[in-house]
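Each of the two complexes below includes chain A, the first together with chain B, the second together with chain C.
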Partner chain A sequence: MNDIASAKILEYKGKTLNFTPEDPTEAKIPSDELHEHLQKPSTARTKRLKERCRWKHASAGEFIEKNVTAGIERMRYLTEAHKASEGQPEAIRRALGLANVLNKSTLVLQEDEFIVGYHAEDPNMFPLYPELSHMAVQDYLMSDYSPQPADEAAAINAYWKPHSLQSKCQPYFDPADLGRMYQVSSMEAPSFASGYNSIVPPYETVLEDGLLARIKLAEKHIAEAQADMTTFPWNGTKGLDNIAKIDNWKAMVIACKAVISWARRHARLARIVAENFETDPKRQAELLEIADICHRIPAEPCKGLKDAMQAKFFTFLICHAIERYASGYAQKEDTLLWPYYKASVIDKKFQPMDHMGAVELVEMERLKISEHGAGKSRAYREIFPGSNDLFILTVGGTNAKGEDACNDMTDAILEAAKRIRTAEPSIVFRYSKKNRDKTLRWVFECVRDGLGYPSIKHDEIGTEQMKEYAKFSLNGNGATDEEAHNWVNVLCMSPGIHGRRKTQKTRSEGGGSIFPAKLLEISLNDGYDWSYADMQLGPKTGQLASLKTFEDVWEAFRKQYQYAINLCISTKDVSRYFEQRFLQMPFVSAIDDGCMEFGMDANALSEQPNGWHNPITTIVAANSLVAIKKLVFDEKKYTLDQLSQALKANWEGFEEMRVDFKRAPKWGNDDDYADAIITRFYEEIIGGEMRKITNYSGGPVMPTGQAVGLYMEVGSRTGPTPDGRFGGEAADDGGISPYMGTDKKGPTAVLRSVSKVQKNQKGNLLNQRLSVPIMRSKHGFEIWNSYMKTWHDLNIDHVQFNVVSTDEMRAAQREPEKHHDLIVRVSGYSARFVDIPTYGQNTIIARQEQDFSASDLEFLNVEI
Partner chain B sequence: METTTCRQCANFFPLPKDADDYEAGKADCVREKEDEKGKYWLSKPIFENSTRCEAFHTKR
Partner chain C sequence: MKIPLVTEIQRFSLQDGPGIRTTIFLKGCPLRCPWCHNPETQDVRQEFYYYPSRCVGCGRCVAVCPAGTSRLVRNADGRTIVELDRTDCQRCMRCVAACLTDARTTVGQRMSVEEILREVLSDSLFYRNSGGGITISGGDPLFHPVFTLELARRIKERKVHVAIETSCFPKNREVIQPLLEFVDLFIVDLKSLNPKKHEEVVGWPLQPILDNIEHLIRSGANVRIHIPVIPGFNDSPQDFTDYISYLSRHAKQLEGVDILNYHTYGEGKYCSLGREKEYQYLGVEENPPDKVVPLVKGLKLAGIESVTIGGLVGITADRDETTRDAATRCIT
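Moving on, here comes the complex of A and B:
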């Protein structure tokens, strides 16, 4: 164990750089407990809320805290309404289902909290979604987390089986193809079976207009449509369109009224507790303030920051957890809240407070999200080890005029994240050279405190991407050049529009994964998976003996990839077809200006295409291709047959050969040989083949390479690979991250390699681990700032950082009970280190910790 | 013997007539709970003639 003061010394440009801590008081903190000294909740209340937070994290598929279970109320009341509404239009049935859940479900109000609302009948529970995935519910019924009474839950699930999205979509596919998808080794299972979903809710309309105004709009449209149907001369080719529109608008009205009523039930609850249970006068007054807020909003427009935070949270609960499940927390939070911050903090016109009041509010929001449980299946709990779900918001970047979009709300969001230290929600920062220094410093403070976020995205790349997709808009109403600046990450990595319309509403537009490492493995075996499922996993693309040249191997992979990506996207589009007919979202539709204008369901209307799919494990495949080309076809040191024998023996008895393949050039070292092959792989196949596909929205589908926890899950299902990896070992931890421990030429060599991939990509996740002493030194900000400028100039899409020492991670493995505040970046999300299974912890320890040499600092042009 | 109903329970809070979800006899059943993480309150719609539940305690 070292202390932080024992950092290295570096000679640079004639100066001796000493990396002692910027804060001298840190010098005496042992390096293996640093993270336990960094939290500084802004108030005693947020400190208490964190201490009693009802985390819903899962590890290896199991919930970590006791008493966490599935609730039954949502599924009960949804089913009751579905049975009672048979024969009515489907959009209206969906609205009645939502209304029944909101009217009858139990509300929760917790001690100390100011932002209220929950999505299940008890704060230790979470809801289930049998209409989305009966298999996921079945998974719960067979576990200790089963909703109770279990018999009732089982009956509800049986009822939904024939009505589910899965049952509607499956008949259109060959069972053999679906059987391959269900292996989750070369492709993610189809979304119509998993129920996994994501959305960017148009929060803006709720905060700006209020729901009463949305109801009036819908009622006006209904009246106009009805009038149109009586206008002479009747034209059946257009007049009949009014029927579906009227149904959708009526459904919107039902949904909005139900949400207002539900919010006002919260108001009554707060008032009843204030007047009948609470004895502290200060808390009584606060509860009455909560009652006032929940009575006014989201019915009316928000007037202050407390209003906006509460309206946003109610909207989140409906869009992500009650109307339909969706992962994520996509929003441009600083832009969204800025008018209300200004009203409350600067102008003090409504709900007056100081800046630290805003920080406390954000800390409370972060803790609410930390308590949010998601009813995901065991498989989806396993692929996000250490988390409860993906919650990712976006800040920074540029506004519609192309100016710096950072404001004091941006700083409040970042300061709160640094102070309260929770793994979620994660933050994306859109980096532009126009961003103000003050905010960049807050970004750095979070990064160097080891939060693993903000994850950084290139502002201009995202904006240009929105413009490009807009060209494919089917109704000619894609994002304008100004609106193209209004983007957020939909989940971990992929940009999508935020705002009053044109946002992504379902994961069938973009999302889902494909796994190149497994595809490469079966490309060497005529499409057969010998190492995991023992089945034909893809088309027959040739026995090993038929692969005479490297191009033969390349083309075999291309065919496997074409087959898999085609199946992935067609299953999503078939899901979309049925989503808009049986899984309408009347509330989401009501708050989208486009759906309101056209009388369309949110699943159906697509104004801004945003097709993407996530290649995960690409670098294992790419490094393998490099090794094959070098050792088999260029140097002819081994034959493909010998390689196949070694792989099928999991390298046992072939150690010398394995070392040769392990030592072949690897991605991330600015190696021209490796980088040329790998760049071609990304641009010609991973992106080039994918973008040939056109999805429901009329645009191309582009790769967004990332990993989440799937690099572990799929790694365990992938046999030994020609990059020298043993079967079952984890794969690469990001869309374009070097394989763990193989990027040995320093941080700038990684940047140079990654910058070579430019064509046909939507996004690519880059995980980097930086030296703790350097980042915490007085030179830390200058070095990081220079790194970011270089990263920007190299036109790289993304980067995220771990700033955590091996000492501290090892100490946490030894004594987890002493390291609850140690947070690490897994991939696309952060987690408390002690909540991650040991297998996953070891993959993070194994990542290359990047020091900065003098030549790195020169490349970055660091001025010290 | 008269059946005890929710109306006689201390957790029974009738809805105001101007409530969006007002129905004659409808009320909020608000119960205080506590576990190792702290206190919380649950609110569930109820009707005055519903039969008492295990959490019933008489209004004082």
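Moving on, here comes the complex of A and C:
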């Protein structure tokens, strides 16, 4: 095995190239264990915290670490409150449920930690959500991760079945349609069945105002509403609106008070431990400082960086894991924390520290997220292999004035990510040509260390989208042109507003998936799925014999797509109808300025529309259409009937024909023939048909092309396709990225192809590769930087990088125990390589090998 | 105008001149350096690679060959594969077309000038942002002087930076003279300064090469020198001294010197082309990387500012406004 010093010599067209590592100490490191040498925790404490981190990664749906199980406390106390509150207004019942959980649940305080708080009774556990999805809980009950006592858990789940979102929504749909969705081959299952959710909490109000101020505000609104109801002359057409508002405000007060007392329970606990049990005087002082912080915040406004970090974490736990489950870690962290960084690090007015103190805090935050477990359904554990959940924060970009938004907090966040090396949380960097070099250098440092993040989004494209959606605001209060700069990625790819109001609160607004590869397959078979479920999977759009022209094939696909996307979005909006009636979020509502102003629940109020849905496996469908057009309709080398026979035989006995279809032009090669068809396909159908739909918020729904881990799942459910793919093979692995190994002309040609799709898309994931030796050499930054400028000029929405050698991944497969710090980009998130199931690992190695051949001779194929 | 075959158009090239570049490799070279790493660019005619490891023994190539070059045999472990004898090969490439598993692939594509231009100009935006451009390489592009001149002229029309990689072999100066107008950078491979060794080993006299280099310098052209350091051929202290003393005379006029260590990666290509017998460096070991240190130091002491090992000149800022404008035009 080579070390880095000898791996630096590469062949390039008859020359040898020496890429000396920029850091000379790396010269002695074997290339297949590079990533085990890159972590540099900033303190002994964060090193210890990482070593004992309780990861909750899942692989093929199973948790990897021993002793990880579901806890019972949240479901127990929620149910207890639900039974006790029967007859009360639903919003208030939800607040009482939250309060009961927060008041009674066991607190967790771990050694060495400075940021405190957990969402279950034991740091090896995670809570469950029977009110969201009884099916998901049922699966836990039948697994090794069942909450204990199991009888009690089973009784609780049985209690919730009639109350669950799924039971409430299903009656409004044809069971045949739902049966098709539950296949998860052409459409994702409806969100009312999975309970999967996403949200952008308005952290800003908690940090700036504090919850006591929110309570005062709600109480003032209640008093005003009650006064309004007694004002002469009574108007029954308006006056009755006050009832629901008063209920919502009251619920907000209950929720905020419960959160304050929960935080103060942490303060008491820390003080008790400090005064009675802790023997180390240094830790004793620290525990007393924790007690001070948790007593003041989130009740009061934050004054320093430690306050802000703790308040942010408590808010995260409530919004994402206790009040309701939601995936994600959406926040503009550098902007959010900057005032507190300034107070503590620059002005040293409160909680004084130096820059490295801020870095250590961020490292501790990353480790808290790394041990955060989510009680997701099995399907959602399977489709995020190697991860814990999706945690994605956003930094960089421009501020409301359009100036560079990077600051020293941005650098601290990136430096901490590089030093501590955890897969979570992932980072999105909003790239603008105004960004300062110093911060870009940190972005590059993370990229070249192979973290897979920051993934890069185009600053102006995101801002323009916020402005566009604002036009559809139902209450005329969408994002202003200044606020349009305040956007973050909600999850992997889609931008949405952050701030004190107008943020996305539920996945029924944006999220969910549709699978064009399968839709293309059934478009060639009258909507019937012969290869997987053996059932009618979509409308009857015509037998092959009736498809006489390419346009006929095109229109058949269009109809299948219309059917599927219509069903997907209508199930989301029906979910939302019931979410606002039975799954109110009083705490989230309390911290949103809009909900506070109008006395509305966060599920109900939509000021800034943000509709999106993810087409996954678009490129298999697109390449298939190109091959059909070329070989069947242009060249007439084969008939559709012959193609159908070959597909149904999985190409067996049709090898020659398969080579022709495989060699037909493919996306990502700057090929005019293929790119013209695929651009039209994307803009006219994938985006064009989707945006004809208007969702609950009054705006269009737009495609956010990505992959998650679904390209593996859906590939296995999709039969042979006319792009030359065999049945069951993985589908394309990312949004608008070329199919693995079919981009033959290098990275610049990929960018040229991708830049041709400009209309009707909200986000589109692009995977690119960088060579390890080049990126680690002193030339790495300048090469990357000039690449980024061009990417920006081509007006491409997104790009993310893998900088990992095939050698190292193979070594990690052989000896996983030695490669715990090897992180790879799967799709919209990063994962520890050894935590990914072998099938998934192999798809990633295959992807890599295409671009980064085992032989150095293939250096020319390296992508950047 | 006769258009040469293209072996490859390599986008995102980093070592053929400054910035991000696209390099065109033309097929054909009059020299026969015995260590050549790119044997597929020597012969001006089409050839094909054969990779036995990909062969599934289906026999389709046997059936289509008009000259009977291929036959099915059973190898030691009982697998049926194709045995190939290229002696009578007519280069019709029917076998390549027949192969379903890419065990045979063609070396040398026919492309029109328009196709070449479209491909090489696609990345103009990258050239602008990196100070890069297009490099015409080979083989030796001066083996096709009329075409190379025309291509350089057409690229220059678009205000894109043009480099040429050549050994400067032509004995007739009229070949090089017209290029001066269109070529921004000449990258000249200087294989030895010992006339006897040059002629005997490379098969070409040294003098016309030196004449051409000096003519380029006198004419004000930008010149980088490439020195391939080959074990046992030009890596003795005397060879290094010769290089240093010769190049020091032009130290201030040269753009720089790139030192390229010999390596063995070309070996596999000879085998795949069925020309393993031509490869005279089989078994020759690579020099340790520090072998060239005295040469680097000497060249720097002689006053040459830009000396690299490997040829990565790096990214420069925007070259100038005209390049920027041209690049913007290209993408719109």
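The rule we apply is simple: the second predicted complex is superposed on the first by the 830 of 864 C-alpha atoms of A that agree within 3 Å, B and C clash if a C-alpha of one lies under 4 Å from a C-alpha of the other, contacts with A are read in each partner's own complex, and residues count from 1 in each chain.
Just so it is clear, a contact is a pair of C-beta atoms (placed from the backbone, for glycine too) under 8 Å apart; a residue touches a chain by one contact, two chains touch by 3 or more.
Keep in mind it's a predicted model, so treat the numbers as computed, not measured.
By the touch criterion defined above, A:434 lies against neither chain B nor chain C after alignment on the C-alpha atoms of chain A. Set against each other, chain B and chain C differ in how many residues of chain A they touch, and the higher count belongs to C.
Once the two complexes are overlaid on the shared chain, A:104 sits against chain B while remaining clear of chain C. By the document's definition of touching, of the two partners only chain B reaches A:276; chain C does not.
Once the two complexes are laid over each other on the shared chain, residue contacts for A:820 go to neither chain B nor chain C.
When both complexes are overlaid on chain A, the residue A:161 reaches neither chain B nor chain C. Contacts of A:655 after superposition on the shared chain: chain C is touched, whereas chain B is not. By the touch criterion defined above, A:268 lies against chain B but remains apart from chain C after alignment on the C-alpha atoms of chain A.
Interface of chain A with chain C (complex): residues 9, 11-19, 655-656, 659, 670, 745-749, 752, 774, 779, 782-783, 785-787, 789-790, 793-794, 856-857, 860, 863-864. Per the touch definition, chain C reaches chain A in the complex via residues 10-16, 19-20, 22-23, 25, 36-38, 100, 122-123, 125-126, 129-130, 137, 226, 228, 260-263, 265-266, 268, 286, 289, 309-312, 314-315, 331. Chain A meets chain B in the complex at residues 52-54, 67, 103-104, 106-112, 121-124, 257, 260-261, 264-265, 268-269, 272-273, 276-277. Residues 13, 15-16, 19-21, 28, 30, 32, 35, 37-45 of chain B touch chain A in their complex.
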